Amino acid sequence: MNRLGAVLIVIVALCAVGLPFFLKPFGVYLISMWVVLTIAAIGLNLTLGYAGQVSLAQGAFVGIGAYAAALLMQAGWPYPAAFVSAGLLCFAVGWILGYPALRVQHHYLAFVTLAFTTLVFLVLRNEEWLTHGIYGIGSIARPTLFGWSTNNPRAFYFFSLGMLTLLAAGTWWMLRSPWGRAFVALRENSVRALSLGLDTRRYTLMAFAIGSMLGGLSGALYAPLVQFIEPNSFALGLSFNLLLMVIVGGSGKFFGPFLGALIAVLLPEWMRIAEGYYLITYAALIMVMMAFCPYGVLGMVERALKAAAVRRDPPMPAVHGEATGS
Amino acid sequence: MSVMAASLGLATPALAQSTATTVYMPAVIELSGPGAVSGTNFRDGMLLAVEEINAKGGILGKKIDMPLLDTQSEAGISRSQIQKVLDNKPYVIFGPVFSGSVMVDIALTQQAEIPEIVGGEAAAITQKGDRYVFRTSFGQQFSMPKIANYVRDGVKAKSVAIVWVNNDFGKGGRDTFTKEMALRNIKVVADISTEAGQADFSADVVKVKAANADAIFVYLNEEESARFLKEAKKQGIKAPLIGETTLLGQKVIDLAGGAAEGVRGHVGLTVDAPIPAVQEFAARFKKRFNYLCDHNGIKGYTGVYFVKYVTEKMGKFDSKLFAETAHGLTITPKQEPQMLMEATWDKNGDIDRESFLGEVVGGKQKIVQILPKLGK
Amino acid sequence: MRVPMASFIQLLVSGLATGAIYALIAVGFTLLWQTSQTINFAQGEFVMLPAFFILAAMNFGAPFWLAALVGIVLSVLVLGVVFKLIIVDPMLKHGVLPLVISTIALSLFLKEAAKDFYSSQAQPFPTLVPAVDLHIFDAVISTDSLAVLAVAVATVVALHLLLHKTRLGRSMQATAQNPTLARILGIPVRRMVLYTFLINGVLVAIASILISPIYLAKFTNGETLGMTAFLAAIIGGFNQVRGAILGGVILGILDNLSAAYISSQYRGAFPLLILIAVILLRPQGLLGRIEERTV
Amino acid sequence: MSAVLQVSDLRKSFGGITAVDGVSFEVRDGEILGIIGPNGSGKSTLFNCVLGQLSPNSGEVRVDGKVTTGMRPCDINRLGVSRTFQLLQVFPQLSVRDNLILAGQEHQGSMYSRLIGRADAGLGDAADQMIEFFRLSHLSGEQAGSLSYGQQKLLDAAMAFMAGPRLVLLDEPAGGVNLTMLGLLRERLQAYHAEHKATFVVIEHQMEFVMALCTRVLVLAEGRLIADGMPADIRRNPAVIAAYLGHGMANA
């Protein structure tokens, strides 16, 4: 598996770097969108997939991040500062949003976060003095970093790709560190985790805060990518879409979000051959996909590989071969 | 790699491009999501025009090739679709209707120097010095002064209540209208925002009632307008209800039943205009798509004929020249009958037409006065 | 701006009428949750669709009453049986989230279907009774909103009787509260679950008939409706039919009062704030019971 | 011999029912204390109060003289008190090795030092030894969920030892484990005890198991302590027999 995985990763990486040279601006824009949304999906996968905290607020954090970055840039901040601040802001807000998760779980938590998302939308729309209200914020400049202008599509794509690589690597490091183990423990049995000395409260809040921060950073890239943001873009729809990416890709699988985002961004485009009926077709496909691989594409692949492995070498019978279930 | 790009659906299909026999004029519009009603009207207007033109041999002998690309009423997606068609060197681009999406897209079309014939009405669209954006209807900065004058001179109101739908259409109208009221020192005594898709307007009508203004300006989408009128009648609102185009549309009148009776206001573009050409168009539209088209239908229809006229005037397909030619251009029905009404595009791409003051009488929109073009 | 208290009654009554419809939808919502852990994010579209069934039937020349009947039957078949067999059943065993995704996709599917195969334009819809305005105190109440109220209440009462007074209803409740035990008691659990889906089909159809004259039949109707019903269900008590009704009525009235007396720009925020408060202070909802089953 | 654990006059009631009714006892350093009693006699509730999963209505718990009542379970655990649960609780999706590392990692440095530190928090070898000690080496890489019930029970116990605790509370370690496994489990527990001089408190129904393992036995009935003594004496204690009439004493 690992060798296979490594090979796959290399191939994908090569494509990610090479592809834009074979694409027109439209294609580059699409894969840039993929990159940007992947970052948000990685965040949600951390909160939901690993730590098991169901959140329907990721879209709101993308929004908060996007607005924070755009407004700070308008206020004359250099992009890097705006980018970082957007992340920190979302980290703080995410931390606060984590507190309900200490009281309620599962669907109740989903409902709270859903309410939060809609509240954020209302604030973005109504607090015109701050957010320009329903008109949104236009002509957001693409950053120039150390004299390197990311104004042309390919440049911005590579900038975003770099960010994705950085953040993904960071997340990977965290997940392989004891924290990753702690998050999974949180998801699987928080009572037991607590009795083993895990400060479950701190870890829960961390899971929320870091996941939200990734959402915010993705937003801070979204703003200069689309160069226009409006409240509607960050309403419930986006949160649902991000949830879809995580589930379809494979919740709790590191590369799930990459795949999920790819599907969510490209599938509707492919479906456009169905012209007027493309959204129907897309919706239908999603339902079929959920019916046939409820654990997401990667979840299914993993199961398949495992099954194959078992067929190759069946596991040795347990030495103390007994099993009295209770 | 490029093969893979294609297989990923990232590479744009090559067939969609101007050829020897066709001219590529894509439309990027709201076909799903909240904008779908306006979008489909706009689309069907365009389709009707395209069918008519192609039936008569197209523009300069080239058939119009107009693929439709849905924006899902979403700025981000609208941008990607504009980018997609720009990659194929279009002659001109039609749409979108949502001002938010328009604002995103004109940045790109300006850069690519491709004219964009938009349905958006927000004032800001034409205030960026963009040489490649052209309106198909009044910007709010043109329609609101007219309605404001009417409120002052026609209704003789000293105070007014505003009921608006809280989206970019409604908010834009509300802001411009408020400004115009201030200029005419008419007091805005109630400023009531409503939600798109709102069902129960009793609270809003109660507030309007409490404000008892001399006039009530209603700036909502069609269904909401109808619901509001019903509720207003129910609670016995006495003050005159003033609207802009939508409120006096036949659709609203039908939906609101008797409740629309006596509604007055300004009508920018309407199938009920006392102009034979317009009414013939409305009939053709109804026959083709069997529903009653609103002003967006006319916008789409005349938009296509606008392009046809300008192109034939130039005698060739040249996007850059198009922009130069179209600015300051006036098209009269004599020159192009299917323009339906005389129209002028100024240096910003804003359109100027005659418009109307109307009133709902006996379940029909009655035009009581024709307002001249501002340019006159 | 001051709003005279006299209008209070006005707001109350029309809020009640709207709230009653929310209640209908919320009840169906909770039924599905109780018996099959289905969080149906397409519930709003379920209410949008039957109106189009009915209009279609009327286009074939059927009188309204017949068309309404057809609409109810169709929605029981499509939104009840088909929905359960094709979408819910295959995913039940995989937990809540995949099914949530599916219902979200379904809502898009139904919206687009109504738009593409019927019309994107709002359609006028016949009212149950001719609208006549009655003046009570300072309030004006039109007969059609009274009719709405009456039908909604009647439906809810009928449902209540079904659930509490009949054997069938009691077995359904047993199924909802503890499927394992119900199975041991020899209750045909799977059939009971199916029944709740059928009931939901009827409820949404009725709601559709009630609300379409006000909303007008349009493919986007589900968006606001679904979310409001959803909030109502949770506020009232996600696992209690009575709770859902209470929640619906609360929201209907709250919406009017907040818009009139507090802020119309933030009218949408109040239900959400209440929702958050309720979940954090009383997760089982106002009338709900604590769930012994974690999902 | 100093007391590792002091429980004084502990009370816990749910609604009307009093589960633990004024229990006091001490656990001396190095002993293996058994706690037996009929179902519903309050054994597990007692554990939960001692370890902070439940907060007692009154009474006090001291670990090495330090009052722990009101502390969170994770903090009590960090004082060197660990436990297993009546119902088997491992982390099915983690490998056996990761289960054990997890059980120890929170005792290594601070939360943030762990973030930048090594993936196994420097517990790899310790984990492997523990795995070896409980004869699970061949399963080290397997997902805990894929193990047999008995193996999971071993793992469950092993996790309790991973942080090198001063005091271990085992809640029915033998519950549902078959005889072959039982032998191994007991033998391993004794071995660990001998090796590390740890202190155990064991709740158990399996009389044989208790009698063979424990150096002292407490008997709970209806939330009260009714006997305290050597295993042998306990068997003959009339009060105990009375409490157990109709209960599991048969299998003793």
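Chains here go by letter, A, B, C and D, matching the order in which they are written, and residues are numbered from 1 within each.
In the analysis below, contacts are C-beta pairs under 8 Å (C-beta built on N, C-alpha and C of every residue); 3 or more make two chains touch, one makes a residue touch a chain.
Note that the coordinates shown come from a computational prediction; the quantities given were computed from them, not determined experimentally.
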item	value
Chain whose Cα centroid lies at the greatest distance from that of chain C	D
Averaged-CA centre spacing for the pair chain B and chain A, given as whole angstrom	38
Rounded Å distance between chain B and chain D, as computed from the means of their C-alpha atoms	75
Averaged-CA centre spacing for the pair chain D and chain A, given as whole angstrom	41
Residues of chain A engaged with two or more neighbouring chains	276, 279
Shared-contact residues (touching 2 or more other chains) in chain B	32, 166
Multi-partner residues of chain C (each touching 2 or more other chains)	112, 265, 268
Listing of all chain pairs that touch each other, if any do	A-B, A-C, A-D, B-C
Residues on chain A engaged by chain D in the complex (per definition of touch)	174, 176-179, 181-182, 184-185, 188-189, 191-200, 202, 315-316, 318-326
Parts of chain B lying in touch with chain C, wherever the complex brings them together	32, 34, 36-37, 39-40, 166, 189-190, 192-195, 197-200, 202-204, 206-207, 209-211, 222-223, 226-227, 234-236, 251, 254-255, 291
Chain C to chain A touching residues, read off their complex	39, 41, 87, 90-91, 94-102, 104-106, 108-109, 112-113, 116, 227, 231, 234, 238, 265-266, 268-269, 272-273, 275-276, 279-280, 283, 294-295
Chain D - residues contacting chain A, complex	51, 53, 72-74, 77-78, 82-83, 85, 88-94, 98, 101-103, 105-108, 111, 114-117, 119, 121, 135, 138-139, 142, 146-151, 159, 163, 175-178, 180-181, 184
Partner chain C, residues of chain A touching it in the complex	54, 100, 103-108, 110-112, 115-116, 118-119, 122, 126, 236, 240, 243-244, 247-248, 251, 276-277, 279-280, 282-284, 286-287, 290-291, 294-295
